[in-house]
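Look at the two complexes coming up: chain A is in both, with chain B in one and chain C in the other.
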Partner chain A sequence: MSSKKIKPALKHYAVMAVTSVFVLLPFYWMVITSIKPSNEVMLSPPTYFPKVLNIQNYIDVWSTLPLLKYMSNSLFVSVMTTIICVALATLCGYSISRFSNRRLQKSSVVLMLLSQLIPGVLPFISFYFIMFNLNLTNTYAGLIIAYSMWGIPFCTLMIKSYFTSAIPVSLEESATIDGCTRFGIFFRIALPISLPGIVATAIFSFILAWNEFMWASVILSNNDLKPASIGIYDYIGQFGGNSNMALTMTTSVLITLPAIILFAFLQKYLISGLTAGAVKG
Partner chain B sequence: MKLSRQLDKYTPLIMLLPALLGIAFVHIYPSLDSIRMSFFDIQLLKPDRPFIGLGNYVKALSDPATIKIIINTLFFTVFSLIFGAILAIIVAIELNKGYRGKTFFRAIFLAPWVTPPLVTATVWRLLLSESFSPINRFLMDINLIDKPINFLGQTEVYFGFISLPMIMVIIINIWSIFPFMMVMFLAGLQTIPSELYEAANVDGASKWQQFTKITLPSLLPVVETSILLEGIWQFNNFNISYLVTKGGPLNLTEVLAVRVYSEAFTNFKYGYAAAFSVIMLVIVLIPSLYYIKRSIRADYSA
Partner chain C sequence: MKKVVRLIGVILAVTMMVAVFTACGSGQQSSDSTQAQNTSSAGSTNSNEPREISFWIQKYGSDPAAQETLLKEMTADFESKTGIKVKYSIVDWGQALNKLTLACTGGEAPDVADIFFTASLIQMGGDKYGPMEIDDVAKEMGEDSWFQAGKDEAYQNGHWYGIPWRFDTRVLLYNTEYFKEAGITSAPKTWDELVSVGKKLTKTDAKGNITRAGLAWFNMMARFDQTWFSLLGGAGGSLMDAEFKSPTFNTQAGIDSLTFLRDVNEKYKIAVPNMVDPSYDPVAEFMAGKVAMVFGVTAETKNNIEQQAPQLKDKFASAVMPSKSGEGASSIAFSAPIAVFKTTKDADASKQWVKYFCNTENQLKASKTLSLLNSSKAVMSDSYFSQDAWLSAFVNQSDRAVAGDMPIAQWSQIDAWPNGPLPTLCTEVIAGKDIQQSIDKSIKEFENLMK
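Moving on, here comes the complex of A and B:
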């Protein structure tokens, strides 16, 4: 092989290696700390690798924290959010992309952009009172309504550009002539073709709900309802800073790992779903 | 049959309505209501809530800490964006070259995106701590420093607003936001036809020329959109500053969103907090209006 080919390859893998170190360092330290025996954790300066593998931390965390409960709360809230958000965003995005010359559709785009640009904390304070007066604090519904609506503007814009660039209008016109209603066209033609775009949108809204911290910490005080993103906060706060690093890191590993593994499998849909949509930018 | 034809006329509207109502209920109405609240003295333990005009604003802007927090927020936003975008674009271009292992690396690089902010903050706090940090140990092992650095506790300030804790908070933030930008750029890159590069190669264009003449212009719409959206999101970012340092030490890393949150949900001064959030709105309004105008033009004149 000529040096002309080797040099770019070296550069490529150098970039990959440096970025990997930056990205993986926190995960590495999380795992390493979680499997250190208790006397080794408190060593300063710390050891890079544990001398012996120790799973006692995992047993301790599993038996003291309702992690499964937190995770299933997270999963329920995120899945419900995704379903509602994707359903509404898909309908709306379709309408905007297919009837883009109408006034209402045009102003909807402006509304979507505007709501995306409002600082998140501006509606936050008033919205808290609304949810409080509707008795929706300390409910799953309070979380799901907020998350799914927060996700709608971005998801709508994303799926709209997918519809615009991925589905030829001529295909739909011939279906209209065949006597299909607009809903029929939407369900039988538009939806199946734009599945990749819909999956990408779904991943986006799922992550939004899965990671959200601020709203959940404000409206939830009932421990039984807490999702993982805030459930472990009390725990970490309780033991504070460095006093029980090993348990804190063990908890972190346990709640992060499932999402990362799931995501590693889904990531190819994310890219392909965004790609067709990105044609028009 | 006739009825369904009639109904069909309204289909576009019926499809639109649920999402619009949702946005009105969650974004538009509460935003307007928060603006109204900012003119009142609303506190949890005070039963009467008098109209005080610009009182909250006067109080907010006459607090010397406010200007500092605004500068912190802008510094945090701009530097997270610039360096996050540069990292994202470099990695996206490399991933797009089709070398072996690209799916593997892509999966790794996306991991920070799915990591809950609380976990991100906790791990990084440990990584940057004075006594238990492997980074400190490494720097000492290679004799770069002789005693551990307390990365998040230094209180020296340079040029009036740059401090070590703030730089660390920005690095942590870049770690968590670059995957999203990377995905957007990667999607944008994949839509550039490879014939363009082949033609450029035949014409003898250098790699740098190809980058500035083909890659960058084709990516520009995606870059612009992601940077503007990401900019607004980062301007509103609450998680990193709150969870890593609680705004400290000495509000060196405090940003506006944290101030709004603590005034509203720790001090229970809702009116005052609302005034702060309106100040935030005014600051983002300028780039926002440009963005809206641009996207509408791109959508309807093309």
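Moving on, here comes the complex of A and C:
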């Protein structure tokens, strides 16, 4: 390779390396703390590579917290939120992308954009009392409804841009000429072609529900329903101190794994789903 | 055809929603029974129905499983004795005040709860919500059973709104190896001694940067108000008058205590300047060997150190905190009551649980499991507290402590972090602002909130 090509490549990799270190360092720290022997956890200066690998935390964590229950709660709530968000957002997004001149669709887009501009904590108290009066506090349903409400607008806008950019109207017109109904077009043509966009939307709504902390911490007081994002707070004591950093990091590693696995398998869809419509062709 | 497809779509959507919320039903069934409580009157029960109450308690101790086991054992034993099922929830500290506030303003409320800021919650709740009077329970258990700090928190306007249980005071933590190394034989008793010992323990590099601080104030997120309350008491001052009507820290004691709070770093150079950084954790620094003494640690600190820095086992100790003169108050004390909420559907069952949970035997068990001190004189007189080298300092400190929380309704606003007048005063002083001006400003805001 000529030096003219090597130099830009080197710059490119150098920038990538620095960015990667910056992004990955907290995760590295999380993993390394989870496998450090307890007498190395609080050392200063810290040890960047543990002298001895200690996997005891990965055994202890299951008896310290009902982690399996917390994670299954998270999984249930996240999957349900994803199903609702994807089901409603695809219908809504398709409608908006194909009937953008109608008043209802136009105003829907404006309202959805507006909902993204309002800080999430602003309607918190009134929303809490609505849910309380509907007997939805301390229930899975309360969590799923809330997450879906917050997720659907963004998911709709996301999938709408995918429908607009990835599916040519001419394709649908051809199907119409062949006698396909509007629903037929949606189910037989639009949905299969939009799979990357739908998967990207699903990943987004899943991660939103999996990571959410604030609402779950307010609405739930029943330990049996706690998701993992709240359960990890069991390590935080009376004065905000954490007296078991190693176990906290071990739990963090385990909680992060499902999201990482999801990304690993579906990241090609996520990237293509997110970038669709970014450039006008 | 179009209509049929639409109809199928609608049916599918409805079926899906029904399936989701039917599945969620298990959550609803297992959730607290408090939802319907607000509409039912306190104390009314049907004798044929199984009795169940809900109980909220904050997170204590360093092992989440230990508290879970303790509560499981206690509730099972209580159920076997009374037939009353107690459904407990461990509430994390980050949300405790939010949840109690909601419980006192018409939101979800438990039957019984571990509360704090009692006076504020009573006022918030008014006639309908919040803690209810349980004078009968207090009388039955003996009104003189608890330390004054416990009574101050639970006894308001001539009535008992809870039974005092956990107690908290702060002591001096020091590294015994560093003391030996510097030839120091006993913990400092006065502020002057604290500075002199701190100077001996402080180490610097060639450029004069502190590599090991002699002293650190115990604080979280650069919050110094509780440290200052201890110093104010140690200088002979007080936050409020005896009737809790007005602030009284605009005195020489107020100025001295705030000056000392600032000077350990500014003048005496025995603390690191980045102690004011919100990420600075004095106990973590102590565990890392970078701090020799921490002023104002809790009883739980011992477990914290032993778990996270086992290399320090038997190399640290606790002592009564120094005051300005070496006598009188030198620390703060807090107590928290167990309260029954006005919205309870079964006041009798709730009171029975309070009596059971707060009895001497169970409180001793809770203290041992959760590393807590106790408001009960009988519990604290047990040899578990007096003969343990670490805990005995807390027992001695209890006699030299002033109240850390004022029993007034506005306290949650006055001491609100970070913008209440008292935390703001400390932040401003540490940041180098004029002490008298900061006190004047704080007093004004304090008085406005009291109106």
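Keep in mind that, in the parts below, the second predicted complex is superposed on the first by the 267 of 281 C-alpha atoms of A that agree within 3 Å, B and C clash if a C-alpha of one lies under 4 Å from a C-alpha of the other, contacts with A are read in each partner's own complex, and residues count from 1 in each chain.
The rule is short, and it goes like this: contacts are C-beta pairs under 8 Å (C-beta built on N, C-alpha and C of every residue); 3 or more make two chains touch, one makes a residue touch a chain.
Since this is a predicted model, take the numbers as computed values, not measurements.
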*Between chain B and chain C, positioned on chain A by superposition, is the outcome a clash or a fit?*
clash
*Of the partners chain B and chain C, which touch A:221 in the superposed model: first, second, both, neither?*
second
*Check the residue A:245 against both partner chains and state whether it touches chain B (first), chain C (second), both, or neither.*
both
_On the A-aligned overlay, A:233 touches which partner chain: chain B = first, chain C = second, or both, or neither?_
both
*First (chain B), second (chain C), both or neither: which does A:260 touch?*
first
*Kindly classify A:44 by the partners it touches after superposition: chain B alone (first), chain C alone (second), both, or neither?*
both
*Applying the touch criterion given at the start, work out whether A:193 contacts chain B, chain C, both or neither, answering first, second, both or neither.*
neither
*Based on the superposed arrangement, let me know which partner A:31 touches: chain B (first), chain C (second), both, or neither?*
neither
*Could you look at A:126 and tell me whether it touches chain B, chain C, both or neither (first, second, both, neither)?*
first
_Once the two complexes are aligned on chain A, which partner has more residues of chain A within touching range, chain B or chain C?_
B
*asked:* Between chain B and chain C, whom does A:138 touch in the aligned arrangement: first, second, both, or neither?
replied: second
*Which stretch of chain C would you flag for clashing with chain B, going by 20-28, 110-118, 272-280 or 398-406?*
272-280
*Overlap of the chain B and chain C footprints on chain A, listed as residue numbers*: 44, 128-129, 181-183, 218, 230, 233, 236, 241, 245
*Okay, in this complex, where on chain B does chain A touch?*
4, 8, 11-13, 15-16, 18-20, 22-23, 25-31, 33-35, 37, 87, 90-91, 94, 97, 99, 101, 103, 105-120, 122-127, 129, 131-134, 136-137, 140, 148, 175, 183-184, 186-188, 190-191, 221-222, 224-225, 229, 232, 235-236, 238-239, 242-243, 256-257, 260-261, 264-265, 270, 273-274, 277-278, 280-281, 284-285, 288, 291-292, 295-296, 298-300, 302
*Across the complex, what residues on chain C touch chain A?*
1-2, 5-6, 9, 13, 16-17, 20-21, 23-24, 26-28, 30-32, 34-36, 56, 58-65, 68, 87-95, 98-99, 102, 106-108, 110, 220-221, 281, 283-285, 287-290, 298, 300, 303-304, 307-311
*Interfacial residue positions of chain A with respect to chain C in the complex*: 38-39, 41-44, 63-66, 76, 80, 83-84, 87, 128-129, 132, 135, 137-141, 144, 181-184, 217-218, 221-225, 230, 233-241, 243-246
*Considering the complex alone, what residue numbers of chain A touch chain B?*
8-9, 12-13, 15-16, 19-20, 22-27, 29-30, 33, 44-46, 48, 88-89, 91-92, 94-96, 98-100, 102, 104-106, 108-130, 145-146, 148-150, 152-154, 156, 181-183, 186, 207, 210-211, 213-214, 218, 228-230, 232-233, 236, 241-242, 245, 248-249, 252, 255-256, 259-260, 263-264, 267-268, 270-271, 274-275, 277-281
